[in-house]
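The following pair of complexes shares a single chain, subunit A, combined with subunit B in the former and subunit C in the latter.
Moving on to the complex of A and B:
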């Protein structure tokens, strides 16, 4: 008995050829080949379509035609078709790290006013939302103050809530600048309590008052062995420079502080630089010299010497850093002797640590502000202990000044005598810093923030006592990031 | 394309991986070499200075790697065979050396146990 299909070529003979009647060996090839074309049923249009297609493909593709047996479950052709172009190197990361500062679909808030130079230090602005002016946005963006985790992209224009802590910080900064002293301060607090935002506001205050701002956006970039390093010749103990990072830092510094740097002049000549910079050159020209990683560290050192030159007429300087714990431990770099390098032996972080510890004075005064992180922080027991101690001491001092509360119940935490992981260098740096604890918002601030969200069309609810209290309580007594999660991130439209 | 020790590497290749591609140079040694020349562990070949490249080549040429290291292994096997030990004979026959059964599953022994061992 013959099979219904031709076994040799898997072509299904159409009804037109009586298979049994034609002996296979003698059947001319022409009878088999055009089966689908000529001998198909007269009422079908498939043949005509197939013919048109085949002629367009020049008949090269399939001489046999007809239905083929599909062995695989998936068609190969489709798998290759919709793959598209693979992303270029770095493209995915750029997408992940992009920062959007405006949303054209959000409603513009009519009563929103731009921040002025004195706004962040004025106590009548507490619990008000203020927007960042265009120029400030560019400066903050250049110095990488915005983070991809913050919700800037939801609103028409970037705005910040002025909190009690903000006003406190801005006033302290202003005081120290007036007295030409250094404010040395660490911002700490719970997860998503707004620590990075506090640094951003400090930077905003500095930019608006024509300070020079040097911002290290993430300490982990410097210590997790991701950027190039090289020992600095002639240093004992050996220090390490990070030329590529420093180049990036100088370029950011130049873009963000262009106006101030062009009005500040050098006090001494810098013959060690190849371009031979003389005295009375704008610092901007000095910063412009850094074009390649090779000379970046020399230029940065020259800039630093100029900024710290004694007796010079300089604007105040703000030095800020986020993710302090990474800068307060052994880094992941190795010395030529294969020992781990302490973060404070990396020259850039050493400068920062010196300034935070009180070893550097800027002639125009200024501030060093560091923020801890709760999400991305390695264990730094010395730092945690030191910050807890400083905070307790501060409370003790405040209680003594007020004289009305009992200072006896405030205890300064002590070292665990059985723990070996403490780091003396870290303790030395944090021995006399101030600690600013960022906690939850109070109800008034929470209400101002929620009113702004509602006015932007991002919160679809009437903002009254009840909703404010509800969200405030949901957010662990007003932790601002949790409030955002409770009200903005729930898509209950 | 970047040359180290006479071998051409792609610019996007990690220096660590490039070093470990040499026979008898593993993670421990490569980490130490990187530290010695202050190259961070995620550095790529394209970012190295010409000075560092020549230093690396010089460093590698003082080490027993590649054919020298292979020669050591081969010599050890040859010695075993020349003094007529059981291990030497098993190597020469391409059979397991350490008392494994030979009824089946001796592909690795067939591949590796030779007097002129490849690697």
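Moving on to the complex of A and C:
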């Protein structure tokens, strides 16, 4: 005979406890203890949690150090790493992202010549490989134009292939600088087609011709909530500054453009800065004021005002950015109301977007160049649509100018009326930009590049029509990154 | 004995007639043909007579008439006949009937899909492979080879001699496959110890040194290298770190810093110590 209640512990049998499976009289007390504890105060979990934690700690402490039961047939191998100094925070990433610009094992190429100021705009240089002079290397490195995914580290010195698109871009830049206008251009194209390299070549052209270059190496650094941000007081709608990033940007700007900035002078006084900066001070001095994040934004604003001052005598300015899709969406930052902040409300990107949209005019003219990315790009439907539209419009215009092809078969893509994800601010910015599509190399360019690789000793093959065509075809009709993969990054070297 | 009757002899008979068609100076042959063709045709004869010049039109300067037989196949056939006349074989199988010609035989090993990589490289790649992911192993191998060719030339250690006949150290980075093969072959053991159960008495096994084939030696050496690599800590992060560690270890092997050399010495020592076991009664004839 069993009593309705357990006589030892006085717990009522309920659905929570599997009473039927265990003979009540023999149910071990230890099993029941936590249950009683949990039941004692159903609306407070604190005591129970504390107790559970304490008991688990006690178990861990009293784990036996002796013989353990080996269940598997095979022993686990002891793979203890050698004990050394653990890497500091950020050290491993720095090792991954380090950029090497030369390889002393590579054979120096005798016919390689340095880039001159007019070389990138000269059409006779198409399909030639040119090396970057030392000073330019330092400037590009300071402004972070080189990327770890590019294969600079395989050759004796950094060199670039001059392509048709390069000459086109450099000529457009030069034209706009001569007319003191702004070239507003977006570089787009397939994966590893050389979009970032096109931006690098634009920067090289600018540096060689004494322009001022402001380069934002990755738009994602600004919008993925990785750097500090703060609202700017007195702005409506509220804008946000990113002081740490801006400080880094000013320092890079100063290092890369030292020569030009020291020859350019301020036109107005800047009493809002703590240091008294009067008119006719070199811009370099102004840039030097940014020593800590606190005043970085104020200094940047002063610099920007100087660069855009109307009627001043200024060199042309190149403003460039890589990874445009990140700058054309809602950022990952939150406002105090916990709403996502639009990228164009981050003040630095706002300046960039204004310039790209045509709202800012530099007195000496210049260019704003943005490159899209295909690997690391969030979905930005408005941007994709706008770029496709601009490209179709350009083709239409070209067809009308030539009068030789039927423009009827070129259709400008339209918005999907049933899709809600479009962004008006992005559309406004990209309403009148130019689009430069970077495609595959042609055979002549491919051959020039492969001859350079072979002369450097990195491609151990005869470069003839057959090899060039083979690699060109393997690389999806000359996509340059794929050509590298097919001929430099193989097991067959 | 009658002459052999085959198609070639027939062709040789034909050749007398084709001599006129042969591609000598271009205008001559068509002129002949045109004249002969025109002889049957009255209308063209009148045309010919109307012509003020006595020469046929094709021989006149400036007028280039296409020859009557300008079909590609016809021309080819005529060429073949001409070759037969000179005693050559016109139907050379390496030229005829193939759009791109025949490949040269024997095929170079790199043309074979399964042997397109260097033999050491492909063996080692498969040893690097985990979970059957060959493509990943191949990418890793490419990274290893690239590391070898961008790292400075190794400083050789005279106390750890590499294979005799190895190229000088500064040649190695530009031929990374050779670099890898040299490192592996230099630390590869010559023998392994094989245990014969119960022969040593008291249930102990008798260790007998047995020689290894080249492929086995390479496998053993690379597995030792991998053992060391797996216990190493990587300097950076990301997917290139494992191949970087392997490459660093290979450089260490060539420079004589690696602990793999000790393993090799140890195996060789044991082999030398146990070589007397080769004459054991139970072992004789088994190896």
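Throughout what follows, the second predicted complex is superposed on the first by the 412 of 493 C-alpha atoms of A that agree within 3 Å, B and C clash if a C-alpha of one lies under 4 Å from a C-alpha of the other, contacts with A are read in each partner's own complex, and residues count from 1 in each chain.
Note that a contact is a pair of C-beta atoms (placed from the backbone, for glycine too) under 8 Å apart; a residue touches a chain by one contact, two chains touch by 3 or more.
Quantities reported herein were computed from a predicted structural model and do not represent experimental measurements.
Novice: In the superposition on subunit A, see if there is space for subunit B and subunit C together, and answer fit or clash.
Specialist: Superposition check on subunit A shows subunit B and subunit C fit without a clash.
Novice: Return first, second, both or neither, reflecting whether A:444 touches subunit B, subunit C, both chains, or no partner chain.
Specialist: After superposition on chain A, A:444 lies in contact with neither partner.
Novice: For A:412 in the superposed arrangement: first (subunit B), second (subunit C), both or neither?
Specialist: neither
Novice: Thinking of the overlay built on chain A, is A:227 touched by subunit B (first), by subunit C (second), by both, or by neither?
Specialist: first
Novice: Who does A:458 touch here: subunit B (first), subunit C (second), both, or neither?
Specialist: In the superposition, A:458 touches subunit C alone.
Novice: In the overlaid three-chain picture, which partner chain does A:333 touch, first (subunit B) or second (subunit C), both, or neither?
Specialist: First partner only, subunit B.
Novice: Tell me which partner touches more residues of subunit A in the superposed arrangement, subunit B or subunit C.
Specialist: Partner touching more subunit A residues in the overlay: C.
Novice: With both complexes overlaid on chain A, does A:240 touch subunit B (first), subunit C (second), both or neither?
Specialist: first
Novice: Once both complexes sit on top of each other, what is the least C-alpha distance from subunit B to subunit C, rounded to whole angstrom?
Specialist: 20
Novice: Kindly list the residues of subunit A that each of subunit B and subunit C touches, one partner per complex.
Specialist: In subunit A, no position sits in both the subunit B and subunit C interfaces.
Novice: Any idea which subunit B residues touch subunit A in the complex?
Specialist: Touch list, subunit B to subunit A: 12, 31-32, 34-43, 47.
Novice: Could you pull out which subunit A residues touch subunit B in their complex?
Specialist: Residues 89, 225-231, 240, 332-338 of subunit A touch subunit B in their complex.
Novice: Can you list the residues on subunit A that touch subunit C in the complex?
Specialist: Subunit A reaches subunit C through residues 79-82, 84, 87, 92-96, 100, 103-105, 107, 153-154, 457-458, 460, 488-493.
Novice: Could you please specify the touching residues of subunit C with respect to subunit A in the complex?
Specialist: Touching subunit A from subunit C are residues 110, 116-118, 121-122, 125, 138-139, 141-143, 145-146, 149-153, 173-177, 230-238, 240-241.
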